[in-house]
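Before anything else, here is the set of structures, which you'll find just below.
Next come two complexes, and both contain chain A; in the first it sits with chain B, in the second with chain C.
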Partner chain A sequence: MSGSHRKTVLKVIILGDSGVGKTSLMQQFINGKFSQQYKATIGADFLPKDMIIDDRQATMQIWDTAGQERFQSLGVAFYRGSDCCVLVYDVTNTKSFENLQSWRDEFLIQANIKDPDNFPFVVIGNKIDVKENKRLISSKKAQSLCNSLGNLPYFETSAKEAVNVEQAFDVVARNALQQEESADFNDDYTDAVNIHVDGDNYNSCAC
Partner chain B sequence: MVTVYPPGKGQLLYARSKVYVHQDDHKSHNIPGWLVLVKPTYDAVNLDYVLAFIPETDVANEDKPALKEFEMNGLDGSDGENSLLGPSHDDSNENLHHADGHAGGGNGGNGNVQGFKSHIPKITRFIDRPRMQSLSSFQFGVTLRSLYSLQLRPGQMKSYHGSILLFVKDSIERLPILFYHDSESPGFQKELKVRSRNFAPFADNQTKGSTTVLYWGGDRLISVLKLYSVLETSSFESNVFLVNPTPEDRINFTPGLLQDRDHDGELTMKEIGENINEIVNNAKWTVLSGLASITKIAKDTVNNTVNNVLHDQRVPQPVKKLLKKHDVQKIGDEFDSANIYLAKWALAVQEEAEKSRKVLIGNPYYNNLIKSELGDNFIQLTPLEVSKATRMKPLTKLEWDSYFDVAGCLQITVDEVKDRIFHSGLEPEVRPEAWLFLLGVFPWDTSRNEREQLVATLKESYLNYKQNWVVDLDKQDHDEFWKDQKIRIDKDIKRTDRDLDIYKGNEAPKDTVIVATTDPTTAEATTEQAAENNGEDEEDNEDEEIKNPNLIALKNILFSYNELNINLGYVQGMNDLLSPIYYVLRDEPLSFWAFAGFMEPMERNFVKDLSGMKAQMLTLNELVQFMLPDLYVHLEKCDSNNLFFLFRMLLVWFKRELPFEDTMILWEVMWTNYRSSQFILFFALAILEKNSRIVMNNLKQFDQILRYMNDLSGRLDVNDLLIRAELLFLKFKQMVQLIDRKNDGVGFNQLSTKGEEKQKIPISKELRLLLSREPVIQKEVERTDETPFG
Partner chain C sequence: MPPKSTNITTEEQKRILENSSSVIKQQIAQMKKCLETKNKFMDSLKHVSNFLTELKTSALTPKQYYELYILAFDGLEYFSDYLKDDKPNLNLDDLYELVQYAGAIVPRLYLMITVGTVYMSKEGAPIKNIMKDMMEMCRGVQHPIRGLFLRYFLSQRTKDLLPATFTDEDGRGDLADSIQFIISNFIEMNKLWVRLQHQGHSSERLKRIAERQELQILVGSNLVRLSQLEEVDKNYYKKHILPILLEQIIQCRDVIAQEYLLDVIIQVFPDDFHLITLDDFFEATLQLNPEVSLKKILITLIQRLIDFKKREPDFIEQFDALSLADIFDKFISFINKLNELKPDLSGEDYSSILETLAQLSIAYYPNNYDNINSIYAYAIEKFNTLKKMENNQQNAYWKSLLMIPVESFTDAKSLLQLGTTYLDFFEAQTHAIRTTISLEIIDKFLEKQTKITEVEQVDKIFEILKTLIVVQEDPTIKKLGLEKHAVMTSTLFGNGVIANEEALDPIEIVLQQEKLAKFIHLLYNKNPYKNFELLKQARQFLTLGKLRVKYTYPTLITCILRLIRKLNLIKRIETKQQKLLVANFFKFISGLINEMTEYSISPPTCLNYNLITAELADEVALVDIAYDFFIDSFVMYEQVIVDSRLQYQSLMNIYNKLYNSHKMIELNLENFDQLITKATLYGSKLLKKTDQCRAVYSAAHLWWIIKEIDTDSSVSSTSSFGVSNIVSPHISLKKDHKRVLECLQKALRIADSILDVNQISEWIN
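Moving on, here comes the complex of A and B:
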């Protein structure tokens, strides 16, 4: 890596109703583990993961958020500068599916997305490990919603059994990278504070 | 040789006139008095000697000549020939000082060190034994036994008076600072003359580390005290003298040298100052390594949103107007409410912060006031302060029981109980009973008998609330709100502290009902489920019905609480508040009432518009400005002064950050409301204070700070933080009182000099409220059919 190579940070926000498995997806993707003992998320937290996407080095910053509606008002502080938004629902929970669109709208408002039509979203239907008779939302139905929302990429996953999680986040990463690059190109001077990581001098970076 | 002590009198060993307590900066309010060291009785040992401040107005007429004479002629002799009652009296077993040749209590008579004898009384004078405290005046005294340390602050330049601070053992309340007005004291003037005539220095102990080495009144006091006690200074804080320190004191006193990296792995200030690179390299928490790669920080997050809305042509004019006013009423309009409301919420925090900032930070009047009255760096907690304050051992069952008489009536005051609990917490076996008092289930003034009756009534009453929903099948089937609540509660119950023994697994008990409850519904339900559950695998399936009886109890309580408080509804985090209560009480009805008691002050955390959280974050914001201005300025640079990174901590009182046991300690301490009903904010302040160096030196962006704070989980030392929180509270209180006096009195106008802008500092309503022990109650607004869920 050349001395002044920039490391890209991709900020990804996971949204969706309470209990659809946001924290589990994040944990499965970052740490490759699943636990029944995650607590309901309060506030927000994020985990970083280093990745190589087509020879580009990047750090994904996955932001996990609270699902309960009233806590969304904190989003304004947490969503800014996102490069991709993952909308999650639970295939056994109709309401969580119906709420997908409002999660998207809410996000666009709060994150202050300048070009909503081209902002990358990825939709995930989680908990496909359940018995077939418990499943309430069919792939077909989900796929058609995603199409109507602007051909959003759609994945069905099981965070519990690590099905499709890697694949979904691979697309998330690529789309985020693309968004990051176009954002860089469009507004160099706004909030792109890239930190040089060559050497130990990050302390000296301006903030 | 026997000296007869007149009745009620003690012998003077030191006396200095014109020592002042400064009430505020107005000269006419200063209280002049005598600082004396008195041997109270003939057979008193050194440790009994009393160092006392006696206001001039409190000095008995007959004592006045004695004091004056002693000040002028009591000590000054350079030959020390008449060592009538030198310290040689008490070479008893309490003889403490063989630290060096100087401080020989027992061998004091043969002082061959130059200047030594000049501190031994050469005349014998008596005054009334000083009082240790007084309600009507500023008189106070402290024995050498209870004196922990002295801090000397020589006057700087010519304008300030030197002063001394006395720290008493086992108390973190401060005694008033004593100011030496040397120029007014005849005794000091004489000392100076003798000193210049005969250059043998009286002061063999010039305070080190100060810029001034001028001789001043405090030097003599130290010389005298060294005769009767071991005074040890430290390389860490050279102006501070430990009095008769134990080995432990010494260790605590030199944290940089002897102490390990302290308990929770945090580095001491000194180390941080010395070697920041090492810290960066060695820090075990992941945050620092992650930091280098974080970018894209939102700048001006809030302002952007608002500006965009303001400049958006489509936004109607009235909405724009509303936006410009930050304390707008809630906007009911579904259409635009989300973004406007959100922006407003965050903006309000920011705006309020900026408003108060102008008053508190960089205000020269305020800065000078604190500096001149309370001392340089008053706000900063020193290692000394922290190390000398210790928390007591948790209250035992034995001690708790001793607070009650045979009838089970409290026989000490409520305040005394709370004082004790606040400073120690409880042993686990005390909790079941004590928590019911702390949470308002049991009134403090009841007898055991009355409480037993009360319990019966409460259980019955709980069953009524529970029946409301248990039997209302119509509600269960058709009430959308209820159904929504059921889903929410079920979901969260399944993820409530499942690592704890009682909440682990999802098996119904075989036949013993673990829950000690008289509640037929639960008992019935559990037996039924027990039958069902036979042989099923233990795996905890998500959509499995809840069978663990303790989880069922949690669920029942949360449902029933909705019947008691019909407006709030279940909000995430309430399960966290309930879990420890049930864990301790193991009784469904009583846990319900205790939880309801806890929710009284906590409801403000959960109201729909989050206004209660906002209010607390704003108050904390102001508190940080007031107490940690440097950190505040840094947070501001990092777009973090809205303190959102503390949201979770404040919402559920650090339940997610602390181990379960520590959470219980923290909560019972908070429940006393002993210092403040919002003491949790001081606890948060203590965390910021303790971590402020690291934050200021290493963290530059909002997400870095959020990450760092989230990563403190599991590394918080609750007892240390409680000590710091109390110290910060006491300092805060002192500062508020100082400013209040200032604002009331004429002193205010006189202080501001030259071009300095006179700006009266208002202590905001919010900050002042922090001094109140009365809980802040905020209720959810009435719920209607239109109120959206969630």
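Moving on, here comes the complex of A and C:
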């Protein structure tokens, strides 16, 4: 709660097509490790990362998700309450780039974002370690998409070689923190309403 | 007791979800307040218990329950953070005991896991005991949905706290304990999940299936957990993990569980783990419930291995060298077992398994054609067995099996390496399928202009392309009608067979034949004699097309003429021996033209090929051959060109070629004179006077031929009759004043006989 001494929890969701490197990015950022082995992600789970952002203590709860829909059978209730959403594509995979917008739209709907225009997204083009001739999406093309989606911050990273991963997540953290602070306000408000609506009498019967 | 979900409407469920959600949110808010107030810790516990009570419901769908779970999870995260950070002096042992007194079992166990895992995170905690205790306690919830979520919570909360190495410090547990912990949880969750299928009314079977599919992820998460244990290597996995998992999967006998869990195993464990456990995996798949789709499982596995090879092309080489494991052979021996144990596997399933297997072989062993051959041997066998049983074998899946080499080989030439099984299987298919495949194959060759250089290759490829060449015997009424129509047009307009031909072939046939003609250009060997052999071989097949040779022979002729020009250019038509060889080329062309004539294919075209060939023969100084081709042209002119307009045009073409036959004039003037005499005569016998006049006038040129001397190579010898003011130096090849005069006089006489003098004066000028 605002004004509390408790450290802030920032909820961050990583989305993108299967195989673009979402898990690798998270592993690189949190553990500084990269594994050549490919393991598909099933469902969604998070890893916590403690951070200090401008003297403020915060825990980033980074949710890694399955890119394949069939591995998300329970739905995406965990989108709710996110403070930032990271959209990842693979610079060697055109389809993954083309799908960015639908990931974003899907997120806005499912997470029930009240002010979609101001919700912080960060776009990441991963796998820039590949040979130049394998790259299919140019920086320019990606940048222009990000501009058209509302000037989203854009990073090109290599989870494999730890290029730009820190920088990208630093912006994620800052934007998430900003979002958290503005959302806290709203939360207080809704809580207050709830208390009036449901009252205490409901509790007594639930015990 | 909460009401059974069976009787609850969707509306009610929605309302219950909203209600519970707001209770949870509100209780969490109150919990937070209490945690911030001194001496209110016990009150906060009460609020935690309150919101956890909402998870007791049986009224919601799994998705809805998950929403509540997520809310509660967030609340518990907050609570556990508080315990961890703000209560350093809290006696967790006592608290762990304390929470066991919570009234209802669901809240009690969630609280216990929350406190237990905080306890585990503390230094010196009796980790192994806590793990064991929590695992035991979770048995208390046997309701499938609630139990699955509770155990999922256990798995999520313990994720980073389980012992991660094989060294056991002070009996606090090691990695083996962690693995056992996760596997136990997996087995219990799987039981709950399978049991859900058998609950409630049998009329709700489909609803149960849907619910189970939503819940599958919770069960699968345990396998994910196992795959995340970094210290576990592939050998440990093979020995200590996979066998237990497979045993559990086989024993549960449940179709949904077996299909899903094998899929998850394939997806979450690394590729090299799979490579060393293929045998174990196959063994297990043979023991599954007969209703399980083996195809789905196998294709997932093979596809994964193919992707791996594409992603890490080098890894597999090292791997192969190490273990000498031939992946393809393993799959084949599995297919053998499969045929033995499940002979009733559907053609579709079988075919798609073979399909991915062929892709696997091409990805891993691009040069091993035996693999592909054996795949088609299996395909034929299955195809023939099914043929006896089913009426309809025109199935699209056989087509996609045939397409695999076309799609997957990078080099079109690899197709020529395939053995007879591919062809046999190809030939067993319907004409429609064969046509599609043939066209795709041609496209594949055309795409990169892949050349066919050997006679055996021509044989091989044309055995397939025969599909396009041989006319399908399909005497439908429609076609008969067309023929009748064609005959009518030809008699009406009197221009021979042209209209007939055009009317007969539908557009797709024409396009196919044109494609085939393009393909002929790919028959190429840099040795012109060998190249000739290729074309000769192709003819053996093309001739089967009968009337269709009109599309392909012109290309053959063009290719051979090109070869002759090439030989001339590199001065290989000098010696007697060489000339004899080239004579064969001409002879071959003559054969082609004759065959076209036999089918009454467009006479002007055939005549034109005769003349072009005659011209080239003269150019390479084979004047006797040139003479023969001129004679053939004359015969054709006399016998098959009946339209007067075409006669005039053809004759002009004859004059043109004769005018240029300089070598014949030099080497065999007698023959030449004979030809031009005959040709001049033709002119005077044309039907229309105007044509006669023009023709005879033009024939005059044949008797007065001059050759320019090549001072400047860019000056080509003129082929037009109208050139009168030649400036460049020249020599006269033939000067027959008398004949020229005769011709001109004759032309004049004819002109005179025509009434319109004005028009004629123009000609004479």
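Annotations
In the analysis below, the second predicted complex is superposed on the first by the 177 of 207 C-alpha atoms of A that agree within 3 Å, B and C clash if a C-alpha of one lies under 4 Å from a C-alpha of the other, contacts with A are read in each partner's own complex, and residues count from 1 in each chain.
Just so we're on the same page, a contact is a pair of C-beta atoms (placed from the backbone, for glycine too) under 8 Å apart; a residue touches a chain by one contact, two chains touch by 3 or more.
Owing to the predicted nature of the structure, the values given are computational and were not obtained by experimental measurement.
With both structures placed on the common chain, the touch criterion links A:106 to chain B but leaves chain C unconnected. Judged by the touch definition given at the top, the superposed model places A:37 against both chain B and chain C. In the superposed model, A:117 lies in contact with neither chain B nor chain C.
In the superposition on chain A, A:45 makes contact with both chain B and chain C.
With both structures placed on the common chain, the touch criterion links A:81 to chain B and to chain C.
With both structures placed on the common chain, the touch criterion links A:134 to chain B but leaves chain C unconnected. In the superposition on chain A, A:71 makes contact with both chain B and chain C. Overlap of the chain B and chain C interfaces on chain A comprises residues 7, 9, 36-40, 42-43, 45, 59, 61, 71-75, 77-78, 80-81, 190-191, 194-195, 197, 202-203, 207. Contact residues of chain C toward chain A in the complex are 19, 22-23, 25-27, 29, 32, 36, 49-50, 53-54, 62-63, 66-67, 69-70, 74, 77-78, 81-82, 85-86, 103, 156, 159, 213-218, 220-221, 223-224, 227-228, 264, 267-272, 307-308, 311-312. Within the complex, the chain B residues that touch chain A are 276-277, 280, 290-299, 301-302, 304-305, 308, 338-339, 341-343, 345-346, 488, 491-492, 495-499, 540, 542-543, 571-573, 575-576, 608-610, 637-638, 642, 644-645, 647-648, 651-652, 656, 697-698, 700-703, 706-707, 710, 788-790. For chain A in complex with chain C, the touching residues are 1, 4, 6-7, 9, 36-43, 45, 59, 61, 71-75, 77-78, 80-81, 190-191, 194-195, 197-198, 202-203, 206-207. Note for the complex: chain A touches chain B at residues 7-9, 11, 18-19, 36-40, 42-46, 48, 50, 59, 61, 66-78, 80-81, 83, 92, 106, 109-110, 112, 127, 130, 134, 180, 190-195, 197, 200, 202-203, 205, 207.
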